[in-house]
Amino acid sequence: MPTIFFYGPELDDEKKRELIDSFTEIASRLTGIDKSAFVVYLRASSPDKVGVGGELLKDRLEREKGSERT
Amino acid sequence: MPTIFFYGPELDDEKKRELIDSFTEIASRLTGIDKSAFVVYLRASSPDKVGVGGELLKDRLEREKGSERT
Amino acid sequence: MPTIFFYGPELDDEKKRELIDSFTEIASRLTGIDKSAFVVYLRASSPDKVGVGGELLKDRLEREKGSERT
Amino acid sequence: MPTIFFYGPELDDEKKRELIDSFTEIASRLTGIDKSAFVVYLRASSPDKVGVGGELLKDRLEREKGSERT
Amino acid sequence: MPTIFFYGPELDDEKKRELIDSFTEIASRLTGIDKSAFVVYLRASSPDKVGVGGELLKDRLEREKGSERT
Amino acid sequence: MPTIFFYGPELDDEKKRELIDSFTEIASRLTGIDKSAFVVYLRASSPDKVGVGGELLKDRLEREKGSERT
């Protein structure tokens, strides 16, 4: 019955598979609970819907991209 | 003020209405808190964003569909 | 794999059983997913850890109790 | 490391910025933890995915709009 | 109906009141939704139940305290 | 800024360390985001606060323990 929520960037299917497989494998071994009981929710969060350090992530990424170019 | 989150498949409006109504009815009766104070969030989760038993749900559903056909 | 979170007051075991049983029954029927796949988390929230309408719930309950006595 | 989740209506970028900035500012001051450690997730919830008082929010809003017109 | 979750350190009642009041005030103004509809959940998380940068927060705090003394 | 929530059984500190370290390591590699940006919340859930398959987990565990003894 353990449940894992992952709030992070959008991932392609291959990476989702690896994340789900690895998280479940590790958590099953550490808890002693069978893998079949685990559920992992991937909750994607785009940069215009997250704030980091008081700032919209989108704004920060654009600024960093801007300063890289210079 | 109680709050309920439902992470599950997408539902049509008629089923959403029934789920929200029933959950609120039951929880209001059991807690003694007025129905007006309840909020229910339906957070749909598509099969390519959930892992079950270490496996992407989409992959499992496809495999099961495949084996049904045989 | 559907998962339900209930944020509300502490309940005794008999009420927890009824809430879990009813929620799972209803959601299983509406989604067509077997009851065995459902997990319900009861996350109790005491009145000194919730704000309602901008006010600590504990404060509101005390005020209401006070005004009842009068 | 504190994390804030905001489940509410969709907001435009200007309002998101103000919400993220203000929440982080206040929470940083009250906890004494540096602003850089705060993450705010804006999880929009449309009126056809929330229930209030046992009723789909969409239905309530339509009813209220209807009665305004009369 | 908007709902805010705050995962962070334990706070005393005075700070909880200020956090709940300010968050609700700001969010109500930005969304145009009446303050009475807002619920804020304070979900305390102690340093032995959070990981930051791959490390148990408790371990990091102890290390930092250790190095301050030197 | 990615955030991971783990709802599962209580773990001892050594297992918490391994879970936090492994989850962060894997998720950092798959997302390309620096480990320092990851936060993991361990939200323990005791068997009298979870329902599985419509049943209080505590009840199921007791029944299974009973049948093992026979």
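Here the chain labels run A, B, C, D, E and F in written order, and each chain numbers its own residues starting at 1.
Going forward, a residue touches a chain if its C-beta (ideal position, glycine included) is under 8 Å from a C-beta of that chain, and two chains touch if they have at least 3 such contacts.
No experiment lies behind these values; they were computed from the predicted model shown.
The chains that touch both subunit A and subunit E are B, C, D, F. Chain pair C-E has a twin interface among D-F, A-B or A-F; that twin, with over half of the contact pairs alike by residue number, is A-B. As for how the two copies subunit B and subunit C face one another, over half of their interface residue numbers coincide. One inter-chain figure worth recording: subunit A and subunit D are separated by 21 Å, centre to centre, where each centre is the mean of the chain's CA atoms. Look at where the CA atoms of subunit A average out and do the same for subunit C: the two points lie 28 Å apart.
Shown for subunit B are the residues in touch with two or more other chains, namely 1, 3, 7, 19, 23, 39, 41, 50, 52.
You'll find the chains touch as A-B, A-C, A-D, A-F, B-C, B-D, B-E, C-E, C-F, D-E, D-F, E-F. Of all the residues in subunit F, the ones that touch subunit C in their complex are 7, 45, 48-56, 58-59.
The touching residues of subunit D, when paired with subunit A in their complex, are 13, 16-17, 19-21, 23-25, 28, 35-44. Interface residues of subunit E facing subunit B in the complex, by the touch rule stated above, are 1, 3, 39, 41.
Remark: subunit D residues 1-9, 11, 15, 18-19, 22-23, 26-27, 30-31, 33, 50, 52, 57 touch subunit E in the complex.
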